[in-house]
Amino acid sequence: MQDVELLEEGLALMGLGMGFVFVFLTVLVIVTTLMSLVIRRFAPEPPAPAATPARSPAPARQDDELMAVIGAALHRYRQRHRR
Amino acid sequence: MQDVELLEEGLALMGLGMGFVFVFLTVLVIVTTLMSLVIRRFAPEPPAPAATPARSPAPARQDDELMAVIGAALHRYRQRHRR
Amino acid sequence: MQDVELLEEGLALMGLGMGFVFVFLTVLVIVTTLMSLVIRRFAPEPPAPAATPARSPAPARQDDELMAVIGAALHRYRQRHRR
Amino acid sequence: MENLLTLWEGSGAYNLTLGQTLMIAVGLGLLYLAIAKKFEPLLLVPIGFGGILANIPEAGLAISALDQAIEVARPAVLHQMAMALGATLDPLAGEEAWRATLKALVDNGASPDQLRAAKDVAMNVGYGDGLLYTFYQVAVASGIAPLLIFMGVGAMTDFGPLLANPRTLFLFLGAAAQFGIFATVFGAVGPVSALGWMDFSIEQAAAIGIIGGADGPTSIYVSSVLAPELLGAIAVAAYAYMALVPMIQPPIMRLLTTKREREITMTQLRPVSKLEKIVFPLALLMLVALFLPDAAPLLGMFCFGNLMRECGVVERLTDTAQNALINIVTIVLGLAVGSRLMAESFLALETLGIMALGMVAFAIGTAAGILMAKLMNVMSKMPINPLIGAAGVSAVPMAARVANKVGLESNPHNFLLMHAMGPNVAGVIGSAVAAGVMIKYLG
Amino acid sequence: MENLLTLWEGSGAYNLTLGQTLMIAVGLGLLYLAIAKKFEPLLLVPIGFGGILANIPEAGLAISALDQAIEVARPAVLHQMAMALGATLDPLAGEEAWRATLKALVDNGASPDQLRAAKDVAMNVGYGDGLLYTFYQVAVASGIAPLLIFMGVGAMTDFGPLLANPRTLFLFLGAAAQFGIFATVFGAVGPVSALGWMDFSIEQAAAIGIIGGADGPTSIYVSSVLAPELLGAIAVAAYAYMALVPMIQPPIMRLLTTKREREITMTQLRPVSKLEKIVFPLALLMLVALFLPDAAPLLGMFCFGNLMRECGVVERLTDTAQNALINIVTIVLGLAVGSRLMAESFLALETLGIMALGMVAFAIGTAAGILMAKLMNVMSKMPINPLIGAAGVSAVPMAARVANKVGLESNPHNFLLMHAMGPNVAGVIGSAVAAGVMIKYLG
Amino acid sequence: MENLLTLWEGSGAYNLTLGQTLMIAVGLGLLYLAIAKKFEPLLLVPIGFGGILANIPEAGLAISALDQAIEVARPAVLHQMAMALGATLDPLAGEEAWRATLKALVDNGASPDQLRAAKDVAMNVGYGDGLLYTFYQVAVASGIAPLLIFMGVGAMTDFGPLLANPRTLFLFLGAAAQFGIFATVFGAVGPVSALGWMDFSIEQAAAIGIIGGADGPTSIYVSSVLAPELLGAIAVAAYAYMALVPMIQPPIMRLLTTKREREITMTQLRPVSKLEKIVFPLALLMLVALFLPDAAPLLGMFCFGNLMRECGVVERLTDTAQNALINIVTIVLGLAVGSRLMAESFLALETLGIMALGMVAFAIGTAAGILMAKLMNVMSKMPINPLIGAAGVSAVPMAARVANKVGLESNPHNFLLMHAMGPNVAGVIGSAVAAGVMIKYLG
């Protein structure tokens, strides 16, 4: 009896586990492919992409960006959790 | 009422804090200046000062110095705390 | 009375300690000498000895060795502790 | 099927709250600033990443075994924990209410003994402290990490420029720049709290003010002592503003000085002997010991690092303090600080207040340094370029470089860098002294 | 004379048990494999040495202060400890029985409070936790060491080859290779346990199966959560099989592929941009956060290390994560794992079962990877050499090198190394995902 | 005004005791010796600085949260702590008396449970363990730091010279030199204690004697086990005498040898194979396991470090053990040892006794090594220069260099360095064995 249960549990874990690993990695493949497509279209390699934005922006904007990042998050949060 | 207390406390902290920072750094300026004067008078730079003493002393004295450092401290301490 | 005990204990510790240090290091000398003799006889230096075995063995054997190491230990253990 | 449901109900997508989503976005935003904009990346990369990890639902990386058990354990375990806490759970209230009751007990009512017992229950059924929670307890709550960072900073600091001319000059600039700290404390309990905009206690105000000292480890240390609940926001603000020095300071500098003042050329610094550099950290330590023991942990470790650097006989320790050790501690500290970026505490109006007050502190400190430099220029025989006063807020060596750069704009042959390094390192000492005063007075 | 007797009765030679002798031999055997055969020496040298230290009689290096006191303390102390544990020792039973009673109480009956009290007694009379015991508690039981190692591995991993062609290819191979893990879990609770050969719980089976993931830190992490009693054997098996990749895989590869298949040349990989490499760890982290929070500690730290590596702005942290930090953690982790090589748990039939099941998991994973690659080769337009499927079990970079080598045997101009690195690193992610599923389901 | 008073009453200048002043002077003296005279600076710089930090009044860097609260908390907190300790404070006695009562309770009467409760009170009102106190608990009281240092020393030690000629030679010299240790133990409980000059227990005498082993980490380890109350003085003495080797040994060497003996040229050492170097640490470990498990922590870690060095397959671990890890541990250990330089325990007559006895131990060890070498020179066919006997006290590699230097004075072509390295490293083993015997017998 207990052995059968254990067997069933092992079988379930096998099915569930392999299924999940496949699904997870499939989603990862899709996301990664999309990500690569987007990046290669909008930020093509040669002018090292991570460096580019750092060179151009108007100094005053950087500060705004910090505030914007936090402000926007806070704004949306407080909209729902009014207190 | 509580607000006034808080305000007062803030004011006190500001006065006390800035005052202390100024006094502390003033004392530090004085001590540092004196230290520099003494060092530049009695141990002028060229012959790297920290190295000089290590070269000359009679070997036998080094041991005495260790004993002297600890012995002198102990002596003065025990003079007062007789037990 | 207590002083005498303390003295005796100090004496015992001295004899025991020095004796043990001498015996231990003597045994270490003997073991080390034997070890060196064996190694110099059976694995003389030039062809860097630790490297030699790694080069020659048939691949299949390495796995056996792992099993052998653990299996032999387990075998002897279980022979005595039957449970 | 039931298993699939378990998996789904335990997934992040099912449990994600709005707050967590937003905090993950904040974490990604910090990473963007750190990587693309080079905002103090050494700290903001770990902090941002830690912030994301802390907000992954169900993972419990940033909470204790006890809190994790309260959030996800089976009802039977909840009842056991309630018993350990000396309470009983109303059988009719339902699971969510039970969890809320336990959380409330743990956060307030329970005695240390009961907490231990409840933790024993949680550990026994297999829950463990989250990695970031452990990092926070070991590295930040204990005070160890900021102090070791300060030791490393000491091992990297050259007091030569300060020693070359301490008289009436550099240290006063360093002192004046701390005015931003105290003005902000007053502002936070004054207008901001008194007028009811936000509600900061005096301890919280002090921890916020220290942001104006532009010194990350000092800010973290003070806020771990005085206001741990704000630590995440304060650390983020402190490092962000340190990174923003090149944006925030120049306008203030140009506003408060004339072109002629910015062109002032300063006299050459004298060489400083090795012995002076060795004795200085010891002299500073003695003053701390005599007059402000509460700054002894911070300045003591700072002086220790500096003495190792200058004494010249322990190079291998200095090298480790400047590299392997400070890097390890930085990784752990950054992740630990990130673990405090939790929605409940970070996504409050207070955070915007902290950012704004920190900015004010910073601006006032910059202005005070410049104005004091102008005053000293008038009063002293030696010419003093007021730009170097702005470097007194610390943010070593960024603020000194900014002073140099703004000076070069007015006079392309006027290199102020070494002159600005004096007030710059004096600013580190100044804000540590300010920290000591606050801890003494409020700790 | 009496002193001499004390010395002799406290010596190892007098107290050595057969089990300890054999375990010391196992430790020496592991050192031999590590040093002479270069079996993953970075881990097996500390593990083997730790195993020897743990089995030195009377030294107590691998046990707690409490256990050490129970083993060697004077009778008076035993009675005190019994009192602390709420028991009384039968005066007639004799010392050996008292020790056995106390041991049984500590291992089962006693409450956390009683254990604390008994530990207080042991500490008060001068016993302390053994060094390796402390290392185990701090580094392994807390989960910290495997996670830091995983961070370091992330900092050393280049996802370029995987990003160059994720589509339908590399990740599926990485997924298929995890089949070994789950098949083994089923096998362990199926034939092995059900037929009564050995008796593994489902948690133990899961921890054993992970060996097939060919990833040391993942195995240690999972078994510290699910089956700490098997940790020693599992870690030894995991690292041993990682070292055995060049022996185990080639025969399976040759068996399951034709010469023509092994000769397949693959198309050149496209270059991958820096930004893709930066975004990938964040994308992976988001998926983990959404779908499998239980893998968040492992994959989170892995992604953190990889982000530090790729972002290019925190080189000094990356360098420390790859060197000083991972080396320190490896020493501590290795010794801690070695401390679990105790006769009672290691010299059981189960250990041979673990070794055999681990081998089976490994072989099935290799075969599944190859077969999946063959299937994909048939279905896809792009030619796929099935050998690279074997690299999906992970064991980075050994498995990829083996695929390359076997490929070169058939076609001396066909370099598969970079193509095999894709499934190879995908295998790391795959087994961490598998670990997360098991912990979610059984933890 | 009241605030100013608070600041003044909390300042160091107001609270400084004579003892603290003197101990700060001792700390400065140690720094002077370390920096100007190069006395073992790697340890004495952190120890000296730690000594200063520990004696800053009110800062509490070297004491626990509980002690800190007892010293400075408000009366209300004192009453709470008294309740936790199961006592009541006499309302009439006044604050100072209350603090004294609590201190006495904590140091003696209280049970571990009560101490925990009192600590909870202290933590709840915001007190925390001092940094150096934490370092001491984590690194020294646990035994971890000296053992990791010993591992690093093992990783730096080359046993080649010893292996080239162990027979009847080097190890006996290493053994003889340990006579200083045991003679001093006997002297400390004999003349010194029995005649009532000072009052050392046998455990304290043993910890003092080990100074004669000229091995810092061994001294710290033994005294952390047998006499933690003397740890500060013993560590200072041990490192000071290691530094003083070039002063202490030459007169003794000249006194006990004739010029002719000092001129003896020794035969060339044979080359030692890699395999011998790998097997030696394992052989030593086996002997320790069989005959003296109490030396297993020290010699086990030493052998582990040496095996890592010699096995040649874990270079990156060896490198870390020799550099980053040992440096980090040295900083922490040094500060932790410095935290034991407190006036009450250090400024006692006993400290001078420890310094004097340590010196005697050192001198006797040197003499015994030389005399044994003379004896062996007479008895053996091989010529033995007695100077190398003096190197048996350890103090690697200083003592070997001294032997070489004194030899060169008599015969400028007679290089004894490599010959002296044999007894020198044998001396490390010898004093660790002596340490094991003492711990076995007294621990």
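Note that the chains take the letters A, B, C, D, E and F in the order they are written out, and that residue 1 is the start of every chain.
Going forward, a residue touches a chain if its C-beta (ideal position, glycine included) is under 8 Å from a C-beta of that chain, and two chains touch if they have at least 3 such contacts.
For reference, the UniProt names are A, B, C = Probable oxaloacetate decarboxylase gamma chain; D, E, F = Oxaloacetate decarboxylase beta chain.
These figures come from a predicted structure and were not determined experimentally.
Both chain C and chain E are touched by F.
Homomeric contact chain E/chain F: same residue numbering on both sides for under half of the interface positions.
A straight line joining the Cα centres of chain A and chain D is 28 Å long.
Rounded to whole angstrom, the centroid-to-centroid distance between chain B and chain E, based on C-alpha atoms, equals 53 Å.
Under the contact definition stated at the top, the residues of chain E that touch 2 or more other chains are 3, 7, 35, 38, 278, 291-292, 311-312, 324, 437, 441.
Looking at chain A, one finds that residues 16, 20, 50 touch two or more other chains. Looking at the complex, you find that chain A touches chain E at residues 3, 6-7, 9-11, 13-14, 16-18, 20-22, 24-29, 31-33, 35-36, 39-40, 43-45, 48-50.
For chain E in complex with chain F, the touching residues are 3, 6-7, 10-13, 15-16, 24, 28, 31, 34-35, 38, 41-42, 45-46, 49, 52-53, 56-59, 61, 116-117, 120, 124, 126, 128-131, 134, 323-324, 327-328, 330-331, 335. Contact residues on chain D toward chain F in their complex (touch as defined above): 111-113, 142-144, 147, 225, 278, 282, 285-286, 288-294, 296-297, 300-301, 304, 307-308, 311-314, 316-317, 319-321, 323-325, 437, 440-441, 443. Put simply, chain F touches chain C in their complex at residues 163, 166-168, 171-172, 174-175, 178-179, 181-183, 185-186, 188-190, 193-194, 202, 205-206, 271-276, 278-280, 283-284, 287, 291-292, 311-312, 426, 429-430, 433-434, 437-438, 441-442.
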